[in-house]
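Presented sequentially are two complexes of subunit A, the first with subunit B as partner and the second with subunit C.
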Partner chain A sequence: MTARRLLGGGRIDRSRQITVQFDGRSFLAHPGDTLASALLAGGQKILGRSFKYHRPRGLVAAGVEETNALVHLRDGERHEPNAQATMVEAFDGLRSTPQNAWPSLQFDFGAINGLLSRFFGAGFYYKTFIGPFSGTKFWMFCEGFIRQAAGMGRATTLADPDQYEKINAFCDVLIVGAGPAGIAAALAAGRKGDNVILVEQDRDLGGSLLSEPVGSPSDGWLAQARAELDDLPNIRVLTRTTAFGAYDCEVFGLVERVQDHVLAPERGKPRQRYWVVRTSRAVLATGAIERPMVFAGNDMPGVMLTSAVRSYLNRYAVLAGERIVVATNNDSAYTAAVELAKSGAKVTICDIRKEIPAQLGANAKSAGIDLRPAHAVLKVTGCKGVKAAYLVPVSSQGKATGGSVRVACDIVAMSGGWAPTLHLWSQRFGKPIYSEGLDTFLPLAEKGAFTCVGSLVGSASLRDALQQGHKAGGGTGKEPALFGHADFWGRNLLPVTVVTKADGGTPGKAFVDFQHDVKLADIDQAYREGYVSIEHLKRYTTSGMAADQGKTSNLNALARMAELRGLAIPNVGTTTFRPPYTPVTIGAIVAHDHGLHLRPTRLSTIHDWHTENGAEMMDAGLWLRPWYYPENGESITEAYVREAIHVREHVGIVDVSTLGKIAVQGPDAAEFLNRVYVNGFKTLPVGRLRYGIMLREDGFVFDDGATARIGEYDYFMSTTTANAAKVLARAEYLLQTAWRDLKVHVTSVTDQWAAIAVAGPKSRRVLTDVTSADLSREVLPNNHFTYVTIGDVPCRLHRMSFSGELAYEIYIPAKSGRKVWEALIAAGPPHNLKPYGLEAMGALRIEKGHIAGSEIEGRTTMKDLGLEGFASSKKPFVGSVLRKRPVLEDPKRPSLVGLEIIGNQGATAGSLLFAMNAPAKGHGEGWVSSTTYSPALKKNIALALLSRGPERFGETIQVVDFVGNQTLHAKVVSHHFFDPEGHRQNG
Partner chain B sequence: MAKKHPSPIRGTTTDGLAVTITETELGHLTQLAGWEGFDRTADQALRTQGLTLPSDFRSSVRRGPATLWRTAPDRVLIRSETPLRRVETAVNLAILDLSDSRVCLTLEGPGASGLLSRVAALDFGDAAFLVGQFAQTAIHQVSVLIDRQGIDQFTLLIPTTFAMALTSFLADHLTAELVSKPMNR
Partner chain C sequence: MLRIPCPVCGLRDETEFTYGADATLRRPDMEETDPGVWHDYVFIRDNPQGRHKEYWHHVSGCRQWILVERDTLTHEIFGSSLVREVAA
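Showing the complex of A and B:
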């Protein structure tokens, strides 16, 4: 193959020279080139090695349908595998390297696979599952090699240094494709006043017009159209943007390659931008992709699509070869052939058809083309590049009817017809319609809010395409007038793309899917083995399953299977397309939702004080909470033990702002609470609060918390941190459906209130100091609240204990949270007040046997937790009926107990429990729910659910952590480890 | 955890348009909620404050420094400089002080609607989201209320506990202004 850059023509900027690199070699290029055109002009024949057989491969296409020229792009942190060289804009300093070849492209060890191709036919991997030896050993043996060989390029594991962003856009009409039809649609819609978004995957508008020779009438038309598009303020033109997905309700996903075409993104610009477009209607003008012919050696470097050879000639001024054989079955290749001949190549056309339209024949002959009707290419030969094509006379079924003639050549340009790019339409609407005359599938011209125009619906001429686009846009303004060549593929097409010997076989490997190395023989094999449905064919051979989604292979594979089965193509069927149309980088979809912004972080208004004062923080759902406050380099265990002891002996202060808080208001609020809680709330007086448990409808414990009555029709409900949203949602659901008669409103006030707990024997003293209020036992007994002022901030003071100590909760208008905390800290020193965190809080409540989230995770009932007595027998409540199901009353159900762990090792939550003499197998008799070192008891303890637990006090059991591979022993005891009478909290 | 940004935050979107994000004083925020007859009872109660109940859920009602948003068929949210005058009828109308539950951000500048388009799935076009309209939507999975006060000015009410995360998320979309040379046009 002797490609060369022509001295004139091309839509490239010859005034500037740039350098690109491939495989260590430098290539001269111009702005306007792609990496592919630069490499082609520079004589690079082999651009990659095929997936399975590692056959040398060169360019097949000039656009998004390229299957072979997949390269590694850039180095270091921006390194990118599997980039199509045809879609990479050339820029100065671009570095690319080959992939899937070792040690080099020229000489690849992997090519040995080609010699073993007998073993790599369709379904070879699947066959290792079932033999030839029994068992899975052989499969696992092969698995090792297959995993190594899987994939093409290698990705980097370095962090991506670039920014991406997502943006939402809305419009009246979205037009996908800025070829002639799309541009006509945009102009008409824009003139009408519609808000238009015109999307084009190329850097330039024009579509197929960009492959016309420079100086054609279309140039003038395009320039005018571009100017008008620019002028209309209601048209947004997005170039370098691929519409990759069409979703329900006319939602589209686009990815804009904002700065892929420069060395590094400019400051303030994202590398790529993900658009979510919501439109009222869509016009698809996505064109069509040419079909290859199938013959032996059709994957050799030098065998290309005719439209690609034409694009390289006219758009990039690169003549792909000196001696070109055009292999075709339709009219569309003729224009290209004539242009190639006029550029100096020696051109031969072999057309499967016997009858060739007179005008086309005449044009060809006068251009000096050697025209051979009723002939086809049977085989291509060469070493790592086309050297010759063997032409044979063929029947109208593509079978050779005579001997072959060798024609020396360096390029074979195939044209087997065209396949409209209907992926977006198919994503949305499913199966397209087969057109016999065009031997291809078409979308419906109108369906739902979609209109399809141009080559996408097989328009017969440029004029037709323009008219369709103009009409689809609303028909406003002058109809575009531009005429094309009389070379419509659909006229007199002979629907044969497979060329074989007289016996139906091919003299060598003939490829259907280049990217996945699927041969014609594989299709035949699948048929012989019974995998004849289109879905089976696809998966068994992997044809159409590569990154190109079968853009150049689906039809040929389908046609072959239809022929083997003796069925018409529509009866064999077609597969559906799914987004994305072309690969989309995950970074673009993630945009800013990563790293620190993976999820929204939720902070207490006191947060900064904690971090400024040495707290180690921990994640609690979306919240960040103080975990412990290490002093003098303490470990976590030293810190939490010290903190917990301090609370029991003196007084501690902890930020509990994360608690769920819900305002329950209305004349029926008491009735509502009475229905959701298991215990009574109807007669709770103003100024009192009460601990309550809520069940799910199915009788399991849902949540617990305390609710205070603030006013006659005003209640303040607290929930666990984790269930706040769930409880609110549940309440709303019930009030809006089953209980619409109740005049109740529930509103989240979690953000309205900061909350601080002060706990320990000296807590009353600290609070009396800082509030100057009478907080004696008589004035403020347990489960009462009052109003106080701390640091000029009006607060509500609840007397309630989670830790088991004398304790209070202070509710503060959130924005004053830190101020009140600091006032308490300032009043603290005489009482030795110290902050404590989540870990100590956990130790304290576990010692006390108070349940928390890990005991009410949805698998436990009140009876399991020993709280059955809590439930009122006088009123129904959510869950009251189903909690009485026999299965939930089974005495063997795991019940809440305490465990005193034997030894210095603490138990792991989730460990399973087994009797001492029982084998540690299966699910065991229960599990550990919460675990801690108890500072008060000076031993490791745990809360656990154990079958018949309360009957087994004193028994020693096994505590088995299967994940951590550790077994401990523990004594079963009551879970009220510490101060079971509650003396301290009732003080 | 996301970074904290000093207020005000100034920057440009990737379109090169400037935005300033400022935390502003919220003042008082009160929710009124009711049941049957809400239209009547709420309208009556609001008139004592000089406000009226709108019939739709997009129009902001303003009177002096006070703004009212009808956030649900039976709820309104009122932002005011001073606490609302006492409204009796607790049987028909529940009153809830939410002044500490929200932080108020103002987004100002030609890039304001572009910034919002990057974080919320709403049409912020001038014709789709009119000045004087509001919307309840989500930014970064957190519920927010967005009130449009000008072509280039939006007020955001965001939950207090998510204020740092959302402000940081918004700021992340902006490139800080450099000490700039005059731009050539």
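Showing the complex of A and C:
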């Protein structure tokens, strides 16, 4: 191949010269070039090695359909695999390297796979590793080797240094594709005042018009159109932007490559921007992609799509070769052939058709083209590039009917017809419709809020495309400027793309899918082995997979299968397209939503005090909570043990602001609570609070917490931290759907109230000091609340205990949380008050046998948790019927027990329980739910759910952690380890 | 992504909502004691193809439960109303 840059023409900026690198070589280029056009102009034939056979591969296309020229871009942290050289804009200093080649692009050891190709056919992976080797070490050995040999580019493991951003947009009309039809649509819609977004994946607007020779009549129209698009303020034009997904309700995903075309993003600019566009309607003007022909050696560097050869010629002023064979089955290749001949190439056209339109024939002849009707390329030979094509006379089925003639050439340009870029339409609506005349699948021109125009619907001419666009944009009256010829679409097409010998075979490997190395023979093999459904064919042969998703291969694979099955193409069907149309980086989709920005962080109003005073914090859902307050470099264990002992001996305070809080208000509030809680709430007097349990509709425990009656129609419900949102949503559901007769409002007040628990034998003394109120047992017994003032902050003081000690909860207007906390700390020294964290709180509640999230985990009933006694028998409540299902009453169900671990080692939550004499296999008889070292008992304890648990007190069992590979022994005891009678909390 | 019309807030992204339940089912009365009735309500669902009524919760918006009529095959949404304003 002796490609060269022409002295004139092209849509490149010849006034500036830039340098790009590939495989260690430098190439001169101009702004306006792509990496592909620069490499082609510089004579680089091989751009990559194929996926399986490591065959040398060169450019096939000039656009998004490129399947071979995948390269590595940049180095280090900006290294990027699988970039299509045809889509990479050339910029000064661009560094690129080949991928999937070792040791070098010119000489690749992996090419030996080509000799072993009979072992690497369709279904290779599936077949090789079933049977005797399945799941063996041999399998794993081979898998590693194969994964090394096969595959595309290598990703970097370094963190991406660039910023990405996400943006939401709304419009009346989204137009995808700024070729002639898309531009006409945008202008028409824009003129009538619609809010328009016009999306173009290229750097420039114009689409196919950019591949017309410079100075064509369309250039004037395009310049005018661009100026008008700029002038209309209601049109937003997004170039370098790909609409990759069309989703329900007219939502589109776009990715804008804001700074991909420079060495490194400018400061403050994102590398890419992810758009989510919601539109009222969409106009798709996405064009069409040319189909390759299938013949032996059609993957040789130098075999290209005719449209690509034309683009390189007219847009980039690169003549791809000196001697060019054009292989076609339709009219669309002739313009390119004539232009190539006029640019100095020696051109031969072999056209499968016997009858060729007279005008085309005349044009070809007058350009000095050797035109051979009823001929096709049977085979291409060469080593690292095309050297010759073997032309044969063919039947109208593409079978050779005579001997071949060798024609020396350096480029074979193929045109097997066109395939509309209907991916977005298909993503949205499913199967497209087969068109007999065009031998391809088309979308419906009008469906739902979508209108398809231009080549996408096979418009017969440029004039038609413009008209369709104009109409789709809502244009009436004045039509867009009409001009020019158009034989872009494959008119007069003979639907044959496969060329074989008379016996149906190909003299060498003929490829259907270049990117995944799928040969015609692989399709045939899949057929023989019964993988005849088009979806099976795809998975079995991998045709149409990988980065290009079959943009050039789908139709040919489909046509071959249809031929083998003796069916018409529409009866074979087509695969469904799914987003994304082209690969999208995860970085763009993630944008800023990572690290701390992944989700909001909720902080209590006392948070700053905790961090200022050395607390270690931990995540609890969205909340950050104090975990422990280490003193003098304590470890977490040392700290929480000290804190727990301190609470039992003196007094501690813990920030419980995260508890869910819901105001339940209205004349029917008592009835509502009576229905959602298992226990009775109708009799709860004002000034009292009550612990309650909620079930799900299916009878399992949902949540627990205390509810205080503030007033006649005013209740204050608390929920666990984790379930606050779920409880509120559930309450809203019941009140708004099933219980619409109840006059009740539920409002989240979690953020309005800070809360502090004060626990320990000295808690009453501390609180009496700070409130100057009479908090004696007689005045404020358990489960009562009162109003107090701490400093100048009015608070509500609930007397209730989670720790098992004499304890209170103070509810404080959120903004004063820290003030009250500090007042308690300030009053603390005479009583030896200290803060404690979540870890100590957990130890204290486990010692008491109080349940928490680890026990209320969705699989446990009240009976399982020993809470049966709370259920009222006098009233129905949510879950009251289904909790009595026989399966939930089964006495063998795991029930809550305590475990005293024997030895110094603590158990891990999630460990499974087995009887001493039983083998430790399977799911066991239960599991450990919560575990801690108990400072009060001075042993390791745990809460567990054990089959027939309460009958087994005193039994020793095995506690097995299969993950940590640890077996412990434990004694089964009551889960009320500490002060079971509750003397301390009632004191 | 679906775009769901909220009777209070207007057309909003699906991400603001939580799907709740099949709106063609009626929760049994509190007094219902037949486990079979409750079983059917809690566990038995049709899986219709086509137009269907669903409860959605505008959980990141007005927190109203709304009744949405949606085609389960095409995702077309025909309209919505506040559940508390729909005749029981």
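Everything that follows uses one rule, which is that the second predicted complex is superposed on the first by the 962 of 987 C-alpha atoms of A that agree within 3 Å, B and C clash if a C-alpha of one lies under 4 Å from a C-alpha of the other, contacts with A are read in each partner's own complex, and residues count from 1 in each chain.
Methods note: a contact is a pair of C-beta atoms (placed from the backbone, for glycine too) under 8 Å apart; a residue touches a chain by one contact, two chains touch by 3 or more.
Predicted model, so just to flag it, every value in this text is computed and none were measured.
In the superposition on chain A, contact of A:590 is made with neither subunit B nor subunit C. Of the two partner chains placed by the overlay, neither subunit B nor subunit C lies in contact with A:562. After overlaying the two complexes on the shared chain, residue contacts for A:816 are found with subunit B alone; subunit C is out of touch. Contacts of A:825 after superposition: neither subunit B nor subunit C is touched. One of subunit B and subunit C touches more residues of subunit A, and that partner is B. Within the superposed three-chain model, A:169 lies in touch with subunit B and out of touch with subunit C [touch as defined at top]. In the superposition on chain A, A:273 contacts subunit B only, with no contact to subunit C. In the superposition on chain A, A:749 contacts subunit B only, with no contact to subunit C. When the two structures are aligned on the shared chain, A:663 is found in touch with subunit B, with no touch to subunit C.
Counting contacts as defined above, subunit A residues 276, 278 meet subunit B in one complex and subunit C in the other. Residues 247-251, 276, 278, 675, 697-698, 725, 729, 732-734, 736-738, 740, 876, 881-882, 884-885 of subunit A are the ones that touch subunit C when the two sit in their complex. Within the complex formed with subunit B, the residues of subunit A that make contact are 165-170, 195, 258, 267-270, 273, 276, 278, 592-593, 596-597, 599-605, 607, 617, 623-624, 657, 663, 665-667, 711-714, 743, 745, 747, 749-753, 813-816.
Looking at the complex, you find that subunit C touches subunit A at residues 1-3, 13, 18, 20-21, 26-27, 30-35, 38-39, 41-43, 55, 57, 59, 63-65, 75, 77, 82-84, 88. The residues of subunit B lying in touch with subunit A in their complex are 1-3, 12, 14, 16, 31, 33, 35, 74-75, 90-91, 94, 96-102, 114, 117-118, 120-123, 125, 128, 140-142, 159-162, 164-166, 168-169, 172-173, 175.
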